[in-house]
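Take a look at the structure below.
Note that the chains take the letters A, B, C, D and E in the order they are written out, and that residue 1 is the start of every chain.
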Amino acid sequence: MEEVLNNLEISIDRASCFKGNNMIFENISYSVKNSEMMLIMGPNGCGKTTFIKSICGIQKLESGSIKLNSIDINSDSSEHLNNILYIGHKNSLNNDLTVFENLEYLCAFDKSVDSIPEQEIKKSLEYFGIAKFKDYLVSKISEGNKKKTSLARLLLSKKKIWLLDEPLSFIDSEGNVKILDLFNKHITNGGLIILSSHIDISKDVTNTKKYYMGNS
Amino acid sequence: MNISKIANLKFFFTNTKNLSRFLGLFTFILFFFGIYWGLYVAPSDYLQGESYRIMYLHVPAAWLSLQVYMFMAITGFVSLVWKVKIMEIISIQCAPIGAYFTLIALVTGMVWGKPTWGTYWVWDARLTSELILLFLYIGVIALYSAFSDKRQAVKITSLLAIVGLVNIPIIHYSVEWWNTLHQGPSVTKFEQPSMHISMLLPLLYMFLVFNVYFIAVLIKRVQLGIYNREKRSKWMEDYLSD
Amino acid sequence: MLRKIIYKEFKSYFRNLNSIFLPLIFFFLIISIFPLLIGPDKNLLNKIIPGIVWITVIFTTLLSSSNFFKDEYNNGFIETYLTSETSLELILFLKIILCWIFTCLPIIFFIPIVSIFFDIPLKNSFVILFTLIIGSPILVSIGIFGSSLTLGIPKNNVLVPVITLPFYIPILIFSASAIESVSSGLPYEMQLYILTALLCFVLPIMPYLLKYTLTLSINN
Amino acid sequence: MEEVLNNLEISIDRASCFKGNNMIFENISYSVKNSEMMLIMGPNGCGKTTFIKSICGIQKLESGSIKLNSIDINSDSSEHLNNILYIGHKNSLNNDLTVFENLEYLCAFDKSVDSIPEQEIKKSLEYFGIAKFKDYLVSKISEGNKKKTSLARLLLSKKKIWLLDEPLSFIDSEGNVKILDLFNKHITNGGLIILSSHIDISKDVTNTKKYYMGNS
Amino acid sequence: MLRKIIYKEFKSYFRNLNSIFLPLIFFFLIISIFPLLIGPDKNLLNKIIPGIVWITVIFTTLLSSSNFFKDEYNNGFIETYLTSETSLELILFLKIILCWIFTCLPIIFFIPIVSIFFDIPLKNSFVILFTLIIGSPILVSIGIFGSSLTLGIPKNNVLVPVITLPFYIPILIFSASAIESVSSGLPYEMQLYILTALLCFVLPIMPYLLKYTLTLSINN
């Protein structure tokens, strides 16, 4: 089993990113540790999504570096992928599988999940109040419930670093509260969250560092 | 009794149980009588000898393959236009039965082809178009089972079935439009059928038997279809717990 | 307004500059694959070349129609069409025609060249051309119809051909019979008339049929 | 040119809707007039989207009726489609066209738009601050900017009835203000808005009638 | 973990219960179209039937691979794969194999029956079978590679075949030559060896190649 780290620090050092011929962001330096949440805010198109993707390692930087515990996330020796859970704008849900099967499938890619997560999947769905849609095909549930399904992974995975891109979109107010609760719990348990949002939730979650990205 | 009652799923399900059982038994008896008539009583053909007797399976099966298709398309049309639930189920349940009849027609035709044409298969228009009919049925079944929402599925497949009706005249008239190996119409002609009455009668009888068989199987399948759709409904649970 | 729509469709086809050449290249690739597969026997090839042309057209239409509405279904365009006051039938008719222009027409244009290449007599090549001009719009409409039926279904790449090919067959039968007739010196006009009749029947009906299926699949 | 109505009333009469075998909503009776906004709220999966779609006429009802000025919207004589502008969850944007071309294309379907909307498209993009993305392919702009692009239609169309499904999702706070402004203006000009949202904007827009859909 | 992935892939294929039969039916449809197009001349048909079988396999692979990653690209799954600690190469290898199982294997199984139908001698039909078993996984991998190259491109239905078909040609040449050799009584082992070598070269490399192209297209 790969090592799951307990002390975490993500440090971003003068990171810049290009896409096409556009500078998306430039010279970002920042660092986040366990028990902290980094809330990225900023106008549309300022590069939040791109930034989060580069912390995942799926978006290559033009210059600068992103390190997890002083090891560059793109280096081979990085434990990076063993520790991050990324949930983006898109839900990563397969329309021709049911809600349950989708989560089961997604868990198969996540080594931190116990081997037989049946009960836990049910529990996580119950947490969000969508247990009754368990056997619905994803194409048959509502937009908000799709989002909730993909967020149910937060309850299943034991990974410490959450990278979330606007997790609150389409979610109803009740769901909002539950998700913020989850964030608080994760932070208290020593987790690390980096997320983007257009709603300022810095007051609802402990230990939030707000990072404002301007339009480049 | 009014139509809406007969068209009611519950009514159909609860009232046809014995009917289908009776029809099943009935076809069985009819069929054996027909086989006896066709294989022993009917005279042998002066050209083909005994091999022609497979006609008593081939021709009715071939006719039914077309007839069932038309039935499927028509019931599909009714279900689309008048939103009659029972028609949806009847329509889709026709598909597998029709596919079987088509398969029987193909296989018996091939078996018959060997002694008469010297080959199992030729690519002439009627044979090919009958094969296409099989593919049409399979297409309908495949499309139906590809949908997870079965009510949606029936609507869509009915449409496919209706459009597929254009193939029926092509199959039927293919022997006239293209001079092919296959037998021209010898029964379904307007003037005197070109077949002796002693051969014709058992053929018509077998056609009747196949029809009864079709109805019996259809009723059975429709019951199953109703069960699958309504198994979570209250009346079904009540009915089954009795 | 219609002009705008046509203009936009053209633009989105031509965005990938070469999309008009693609069917053509595909066509030539297929044509050059056949000699590889069945051997370079010239006699044999000449005999089956009309069949190969037709098969290629069939595959091109299948390839380009099997996901015809998928993008528009996924990005919500179908709903926009359905809530627009513009007659949807007209839009769909245009879409069929445009799809035909971009997939079959380039191939049809090149039939003369292919004919020269394979020593097809002028008259025969005319008949091949005619059957294609009349038959291929029918194929395209049927393909698009098939794709509209399977809108809600994932992994439908092979399903669409399976449900549409049976409908292709009558057209193939008549076309092949016309080509067969002309090369054995028999009259072939009848078959062309029948094909034309089919075209005149299918093309005006198809937009209504498509509208209906689209409505059904949005309503699932 | 078809008639664009000035006095509008949408009345929903005991509308019920089934999907698959599920009752989505039941017995909704409600009516909205010009200069009113109907704000539909409710938990995820309660049927807001389905309800809005049935007001568009693209979702068929099981029973009940929806009428525009006493004419059933599904009847042939209905002027319904000449008056509604529907913008759903999905953006109706074509990934292989630019922002500008997309709007031009969308305008082609909207008879209330002037014939040469080039200037107006630019203006509407400027309104949302996305003019610089005018010639970007839609696949290259950010999620929020896609939403803004699709909402730019509100400025272009002259239709009176807006049907919007969570128009505020992915939009930054500045964009939020602008959209609410638009709503206010439309209401003041005698328009009618029906929209769903998880954020309670009833205080920000004049003449709002809130409709809460419960879970069925 | 791998078991789970395989299980899920199977489930999503079998959701539409019949998807395994679809390539087969497609195959039969194509086979029955050819006699219509090139005439029912039995001699002619028998000569070209191996070619037809191959063409059908080519089209099936093209149809099922041309949009291979599209859904996963659109719903963000590729990003999930890339951020998963599971080796992506392994997943991609599995995906290739599964795609092959669901598109080519059913056809291969039915070659014996087709052989009976068309009176193909036993030995020839064995060689056809072998070339297919060895060649078709290569075709599938190439097709999938082509689809990964065109991920960001809309309307790529015909583009993928155009860029992949040229790569198919070597495989076709060797297969055709093996079949040709066996039917004229010449040794055919050499060609099979070459095909096998190609397979052993392509299959292990492909996952790495695919991973690279996927990373590129996410990073565009």
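Structural remarks
Going forward, contacts are C-beta pairs under 8 Å (C-beta built on N, C-alpha and C of every residue); 3 or more make two chains touch, one makes a residue touch a chain.
Bear in mind the structure is a predicted one, so any value in this text is a computation, not a measurement.
Distance between Cα centroids is largest for the pairing of chain D with B. In terms of C-beta pairs in contact, the better-connected of the chain pairs C-D and B-E is C-D.
Chain centres here are Cα means. That of chain A falls 57 Å from that of chain B. Centre-to-centre, using mean CA coordinates, chain C is 24 Å away from chain E. Each chain gets a centre from the mean of its Cα atoms; for chain A and chain D, those two points are 31 Å apart. Centroids built from CA atoms put chain E at 46 Å from chain D. Residue positions 19-20, 89, 94-96 of chain D each touch two or more of the other chains. Residue positions of chain B touching 2 or more other chains: 128, 132, 135, 138-139, 142, 146, 148-149, 152. Among the residues of chain C, those in touch with two or more other chains are 12, 15-16, 71, 74, 152-155, 159, 162, 165-166, 169, 173, 220. Listing the residues of chain E that touch chain A in their complex gives 1, 4-5, 8, 11-12, 15-16, 71, 74-77, 79-86, 215, 218-220.
Residues 94-96, 139 of chain A are the ones that touch chain C when the two sit in their complex. The part of chain E that touches chain B in the complex is made up of residues 15-19, 21-22, 25, 28-29, 32, 35-36, 40, 42, 45, 117. Contact residues on chain A toward chain E in their complex (touch as defined above): 2, 19, 53, 56-60, 81-82, 84, 86, 88-97, 101, 104-111. Residue ranges on chain C touching chain A, taken from their complex, read 152, 154-155.
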